[in-house]
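Note that subunit A is present in both complexes that follow, paired respectively with subunit B and with subunit C.
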Partner chain A sequence: MKLLWRYTVYHFRSQLEYRVSFWLTTLGQFLVPFVSFAGMALLFRQFGTLEQWTLSDVALLYGVTQLAFAFNELFIRGFDSFSSLVVSGEFDRLLVRPRNMVLQVLGSKQDFTRFGRLVQSTIVFVWAIANASFQWTFLKGVCLALMVFGGMGIFAALFMGFATLSFWTIKGLEVVNLFTDGGREMAQYPLTIYPKAIQRFFTFAVPFFVVNALPLFFLTDVPGYEAAIYAFVPLIGFLALVPAYFIWNYGVRHYQSTGS
Partner chain B sequence: MRPYIGIFKTQFKQGIQYRTAAIAGIATQFFFGWVFIAIFSAFYGDQTAVNGFTKAQMTTYIWLQQAFLAFIMLWYRDNSLLEMIRTGHVAYELCRPLNIYAHWYARIFSQRLSSGLLRCVPILLLTALFPFGFGLSLPETPISAMLFVISLLLGLMINTAISMFVYISVFVTLSPAGSLLIFGIVGEFFSGGTLPIPLMPMTLQRVVAFLPFAYTADFPFRVYSGNIGTAEALAGIGIQLLWLVLLPFIGNRLMNGTLKKLVIQGG
Partner chain C sequence: MIEIEDLSKAFQVARKKEGTWFGRTWETVRALEEMTFSVGRGEIVGYIGPNGAGKSTTIKIMSGILVPTSGRCEIMGLTPWKDRVAHVRNIGVVFGQRTQLWWDLPVSDSFLLLKDIYRIPENSFREQLEWLVEALGLEALLTFPVRQLSLGQRMRCELAAALLHRPSILFLDEPTIGLDAVSKIAVRKIVKKVCAEQQVTVLLTTHDMNDIEALAERVILIGKGRKLYDGGLNALKARYVHTKRITAEYAGEGEALLSALESAGCRLISSDAGRLTMDVDLEVTGVAEVIQRLTSHLNISDISVDAPAIDDVIVRLYEELAL
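Coming up: the complex of A and B.
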């Protein structure tokens, strides 16, 4: 933990060296999700509702997804840019150090400008909670918290899983963004608006469904989804980390250096 | 003019070499185009038109956006130029007997053109074959097709002029990330990249009309689908030309001003 904190301080200092750009980027990182939320709000202004959902319902999903993603961008960034460690052979250096591998990768890169997204998504999230179209209960609060945690788990698992891929592909794959960035864009809206095939994919292959539409049914009291069990469905998202961790360990054991 | 045409030719040839990168990009663009269409269609529900913007026009709009992404996106960057500024190698560029603004303009223009042309063909062809209601429609009339090509190219030229401001700003900030991001977001929103401009409230649409961004992407796409008629399209092309005089003029002045105060990095 102390080590991770040291890494954090160094990254923060080095990024502050390019001061103007640092603040501009932080502002930008705030604006990116802000603009996408503004777009959502404008669409609701134009059309009123999206199927049976109102702006505050969808804003809740937006908040969950963006918070989960922002958290990952802040702390799991090292896995996102992991392929550059492999390409340059830097990963060899990590291997010889007597410290935990995951910890070192996490410390290899941190990007504080991503704080902007966290701030923005928190604001939307709080707004959505305060303006919810339904009555809050204790169980619903638990469900919402689990949605955020489950979402974090899914994104972390994706980043980690794809980082492992670069042990074999060496160079990062652009297609990976379809799952991370693409998943983020899609999960801002209830997944039920997409065609069936895609819904299935995002239920069984990448379980976004369990932190998205399913708990939203529970929160908004859709008939047939009132059972308390639906409040705990988002936990499944966290389970996604288990296979990701095993794949990662398998990858590390089979790692062959690029040399030099 | 000759050297600039030479720059154009070499950059263009270089650009069309990266076919694998283009294929990866195309896959991403199909996916995102398809997601956006699904979202907007869900909002349309049973309605067929909003603000005179039909569902079919919306679909075509999104596919054109994805096909010509390289023409539109402000966050597209020339890393070697940025690296030159950061390391100080830009000093060599300044020694050349060329106007540096025109030189870089030609360079960025040709990169965008080659990358856009390479990617647009497969996307346009495939999406035109998609089942009815989900694919690209043909241009409204032969005239709108012609006006589309003209306005698209003018739009690309305006966009290049806007991008130049990003590179100029890097002389001051030295790290491109910040200004690229800000320009990118503002530009994307006001050119209809977040949601098509016809779906915005009227007051906002009036604001957008006073900015150059909509003339880079939104305007040509609506000309294509017939959402903007012939007479209006001709007026719009006039406005495009106006921006094309104004933006490079300011850019050139600003660049010369920055260069006078420039301290070259490194030794």
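Coming up: the complex of A and C.
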């Protein structure tokens, strides 16, 4: 933990060496998702609701998803840009150090310009909480927090799982963005609005459903979803890290036997 | 210290089939074949060979990055790829082409990070850092961000970084690559000093034969994954050096003489404006004889005899072994 903190401080200081570039990128990271949220708000002003969901419901999911994603891009960046670590040979350097590989990859890169995105999503998040279409209870608060954490778990698992691909192929990883960026864009809305096939995909292949529609049913008191158990469903998102970790370890072992 | 026995490494490499779009055939590349050697404590060994000979494969196996196909490798009683975490505490690695320092931060910050990575106790860290700063002359460099250092200064810091955790073994992969002459000499001096005073075992790969000459008493020469020579540097020279080089400045008409000498065991390297360079094959003729013929036919103003540099020895060796 102490080591990870030092990594974090160093990354922050390194990036502040280039102040203008840092602040401009941060501003960009703030504005770009803001535009997408503004578009969302305009549509709701025109049409009122989306299925049964109001703007504040959707804004809540938007906040959850963007927060989870921004957190990952900031702190799990090492896995997101893992291919460069392999290409540059820096991964070899990590292997000759007496520390856990996951920890070292986490420490290899952190991107504080994502702070812009984090701030932006926090603003939307807080607004959505204040303007909720339903009554808050303690359990609902817990549920919301778990949604954010579960979302972080899913994104982290995606980053980690796909980072493993870098051991086999360096190019053509654009398909990965379909899952990460695509998942983020989709999960900003309640997944119930999509066709069944897409819903199934985001339930079983990538379990966004458990941090998205399902807990939202609980929050908005949809009949049949009032049981307290639904408040803890987002925890399943964390389980995604288990297969991701095994895939990752398999990749490291493959790398050690092939080099490349 | 280092025990390597019958170490082999084969890679499967995909080759595209000609005339097809997706057809691929798999080819086995034997990067290392039945490599066997051992290195004792405090030795400095030059590990040399042409590109693609298997040098970096060996280093990667020994540092726990790669798992070999077969064979045994024990370093201080540990098998690198099985006990990676325990093993890498014993080694330090310098990759000449890459840095492990933080580009935008002062050098001392990189050292502090390494202290945390290796969990070096405060006292031990202070003591070792002090020693290294003194030995490597880093005093003035510590507060500068790495990007502002010259390559030579940076390499000194790299060495310090690799030695902070007091490794017993140091792998140096092309430590002088890209350095100017002065920095190269400085780096060699430092390596020598550190190894002597801290009893560090060094395995050095390089393409600069001057590194080897300055540092290593023993060389291991490999080619195509196999060991070709293992022994003293001087013995290598004695075994493969059959020529001496004569350089002379002269006045007079020498063409007839030179062509006569060429058919008698001499190889003319260059000859213009009264200056000639030739290699004498010692198995055919003697240096004294050639000099005598030169002086009796030409008006020699200056003459020198040199043994060929180790570079030439290696080039000749490669040719001879068809690497």
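Everything that follows uses one rule, which is that the second predicted complex is superposed on the first by the 252 of 260 C-alpha atoms of A that agree within 3 Å, B and C clash if a C-alpha of one lies under 4 Å from a C-alpha of the other, contacts with A are read in each partner's own complex, and residues count from 1 in each chain.
Keep in mind that, in the parts below, a contact is a pair of C-beta atoms (placed from the backbone, for glycine too) under 8 Å apart; a residue touches a chain by one contact, two chains touch by 3 or more.
Worth saying up front: this structure is predicted, and the values here are computed from it rather than measured.
Three-chain overlay on subunit A, with subunit B and subunit C fitting side by side and no clash.
By the document's definition of touching, neither partner reaches A:145: not subunit B, not subunit C.
Legend: residue contacts after superposition of the two complexes on their common chain; A:14 is shown touching subunit C, with no touch to subunit B. When the two structures are aligned on the shared chain, A:126 is found in touch with neither subunit B nor subunit C.
Between subunit B and subunit C, B touches the greater number of residues of subunit A. Residue contacts after overlaying the shared chain place A:97 against subunit C, while subunit B stays out of touching range.
By the touch criterion defined above, A:47 reaches subunit B but does not reach subunit C.
Once both structures are fitted on chain A, no C-alpha atom of subunit B lies closer than 12 Å to one of subunit C. Looking at subunit A, you'll find residues 18 touch subunit B in one structure and subunit C in the other.
Only residues 11-12, 57, 60, 63-67, 81, 84-86, 88-89, 91, 93, 95, 97-98, 100, 102-105, 109, 112-113, 116-118, 145 of subunit C touch subunit A when the two sit together in their complex. Of all residues in subunit B, only 21, 24-25, 27-28, 31-32, 35, 38-40, 42-45, 47, 50-51, 172-179, 181-182, 184-186, 188-189, 194-195, 199-201, 204 touch subunit A in the complex they form.
Listing the residues of subunit A that touch subunit B in their complex gives 18, 20-25, 27-29, 31-32, 35-36, 38-39, 42-43, 45-47, 50-51, 113, 173-175, 177-178, 182, 185-186, 189, 193-195, 198.
The part of subunit A that touches subunit C in the complex is made up of residues 2-3, 6-7, 10, 13-14, 17-18, 88-90, 92-93, 95-99, 253, 256-259.
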